[in-house]
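Labels for the chains are A, B and C, by order of writing; each one numbers its residues from 1.
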Amino acid sequence: MSLLVEDLTIARGGVRVLEGVSFTLPAGEALVLRGPNGIGKTTLLRTVAGLQPALSGRVEVDADSVAYAGHADGIKPTLSVVENLSFWAKVFGTEGIAPALEAFDLVALSDRPAGLLSAGQKRRLGLARLVLTGRSIWILDEPTVSLDRDAVAMFAKVVAGHLRSDGSALLASHIDLGLNDASVLDLSSYKAKPLNLNDFDEAFL
Amino acid sequence: MKALLIRDLRLAMRAGGGFGLGLVFFLIVVILVPFGVGPESTLLSAIAPGILWIGALLACLLSLDRVFALDWEDGSLDLLATSPLPMEAVVSVKALAHWLTTGLPLVLAAPVLGVLMNLPQEGYKPLILSLILGTPALSVIGTFGAALTVGLKRGGLLLSLLVLPLYVPTLIFGAEVARRGAVGLDMTTPLLMLAGITCGTIALLPFASAAVLKVNLR
Amino acid sequence: MNLNALWEYANPKKFIDTTDRVLPAISVLAVLCLGVGLIWGFFFTPDDQRQGATVKIIYLHVPAALMAINAWLMMLVTSLIWIVRRHHVSALAARAAAPVGVVMTLIALATGAIWGQPLWGTWWAWDPRLTSFLILFLFYLGYMALWEAIENDDTAADLTSILCLVGSVFAFLSRYAVNFWNQGLHQGASLSLDKEENVSDVFYFPLLVSIAGFVLLFIALVLLRTRTEIRARRLRALLLRERMG
């Protein structure tokens, strides 16, 4: 399972942010997106995940192999940790949430309502969902936000394990996870140039 | 799909889920009507089917903005959109969950409120029949409206403005069944039309709701 | 004529250039037709034996009612074009037509009430036709409210287009539901292809002229408003670009 992005142009709120983005992500590798705030990392990740259309260009990926984790974790505060996780396991048709609980050190919190978790614990619960999806391409938007150093190490270990089993990960992150095979793509050079003002054609800018 | 339905039902039942609010609203609307129109039992029994239908419709409307709002806020909707479930299934399950938590209790409560409204003896069966047939359409149409307004900050009022005109045919045929039944007239035609509208909306509208939801997610 | 050439006019620039040339002509024609039709109708036709001079409101009522429905149909077509071909001008034309349509609906409702009062002795009756127009009015309001509520223009175009499609189906259903619900007082159609049922020729020709006037007026207003919407959209895009740096 590999991911191919070719000459992609994307817009946020009707304004072009990135153009001509191309990269490939073969199985077993990780690609870290870098760039200043507002460059369009989230928009790019959402486009690759199929949540929004690109203005032009091509994303070649099997939609059934992608697992997306955005800024929000999709956690229901009134459900317990186990209930939250087993729901997603059922949606993705996978069995057994125990490995995911262990990987993110959530076993002791199993029966606690998710609403009573701290921000870092919630994030760990959100990331544990990824393990359950059983999908090979992980698309992660700032996965380490509100994680402490131990939790980041936990997460790095999970990602490394995922890569070893021929999975791949596309992530936007400022923290160095210490992944061996991770390549880095700096998006600054793809910043979209404004269109010619007189080029008033089908699109309005 | 079953997992999503069970989760939604569970969320509705737990604290803050709002289960039962629609029912209480229905009760209050029906209780307020006699204060507005006067206590004569002949008048009340004449307008009973219509009032019960309008009360059920408004109670349904009240809980619509919750259908997608919470899942939108906490990001679940993004995650569901990238899950193996097709969007059409997600909106259908959401509509079903809405009907089970709002529509069905209304149907069950309607006979009790019928007593308060002096509904004639023969009117109960048609009333329940028309509500059972009609409320699923209200949930499905309402889910479409909820999908349209999910990203908006003050979507609640707009939601009513969009959904109420769409409710007109269902209301007309549903209340007609209940009204004709109460006075012992033949009710085959409106009953068939009501069933047709319900089947049609269940079959087709989820595609529109899913399309709209995808637009709102991007 | 090559049909594909028609899509060229979906380019905003081309649209504005073309309408620059045709809009004055259409406006003049509209005023001319309206003037002739209404003056002919009001002053140079006999009173009806049964309805007296009241009948003359037909020259406003029928064309307005026709345009109220046709405006919605036009929105339906342009919405479909937007969904299928994604021409921005098409979506903006639908947006432009809605306020015109809602005003036509209001004119039809108001003139209907004024006509109905001496005839039926009441300003309002829950007659199927009147009720249908009231429901159409609600659909217009919802459609316009949705356009106003959404910030992103493309999202708004997508959502309102789908609402227009779904709304059309339900408006159609409502029409039948309302017919079934109450048989009504309203007279039969004033115009139909079946000549027997038509109003007599004396009323017929001025009516046709004023309908032509309303159609031209509608076209002129929609073109004008579409140009405004195109420019407003361009303005928003420029402002956004300015702010985004």
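Quick note on the criterion: a contact is a pair of C-beta atoms (placed from the backbone, for glycine too) under 8 Å apart; a residue touches a chain by one contact, two chains touch by 3 or more.
Computed from a predicted structure; not experimentally measured.
J.: Grab the C-alpha centre of each chain and report whichever is closest to the global C-alpha centre.
T.: Smallest centre-to-centre distance to the global C-alpha mean: chain B.
J.: Using mean Cα positions as chain centres, tell me which chain lies farthest from chain C.
T.: The most distant chain relative to chain C turns out to be A.
J.: When the C-alpha atoms of chain A and chain C are each averaged to a single point, how far apart are the two points in Å?
T.: 48
J.: Between chain B and chain C, what is the separation of their C-alpha centroids in Å?
T.: Chain centroid spacing, chain B to chain C, equals 32 Å.
J.: Which integer distance in Å separates the CA centroid of chain A from that of chain B?
T.: Their C-alpha centroids are separated by 37 Å.
J.: Got the chain B residues that touch at least 2 other chains?
T.: Counting only residues that touch two or more other chains, chain B contributes 218.
J.: Quick check on the complex: what are the chain A residues that touch chain B?
T.: It is residues 46, 49-53, 64, 66-76, 78-79, 83, 87-88, 90-93, 129, 133 of chain A that touch chain B.
J.: Which part of chain B faces chain C closely enough to touch in the complex?
T.: For chain B paired with chain C, touching residues are 144, 148-149, 151-152, 154-155, 158, 161-162, 164-166, 168-169, 172-173, 176, 189-190, 193, 197, 205, 208, 211-212, 215-216, 218.
J.: State the interface residues of chain A toward chain C in the complex, per the touch definition above.
T.: Those residues of chain A that touch chain C are 13-15, 194, 200-205.
J.: For the complex, which residues does chain C have touching chain B?
T.: That would be residues 135, 138-139, 141-142, 145-146, 149-150, 155, 158-159, 162-163, 165-167, 170-171, 173-174, 176-178, 180-181 of chain C.
J.: Sort out for me which residues of chain C touch chain A in the complex.
T.: Result: residues 10-13, 87-88, 151-154, 233-234, 236-238, 240-241, 244 of chain C touch chain A.
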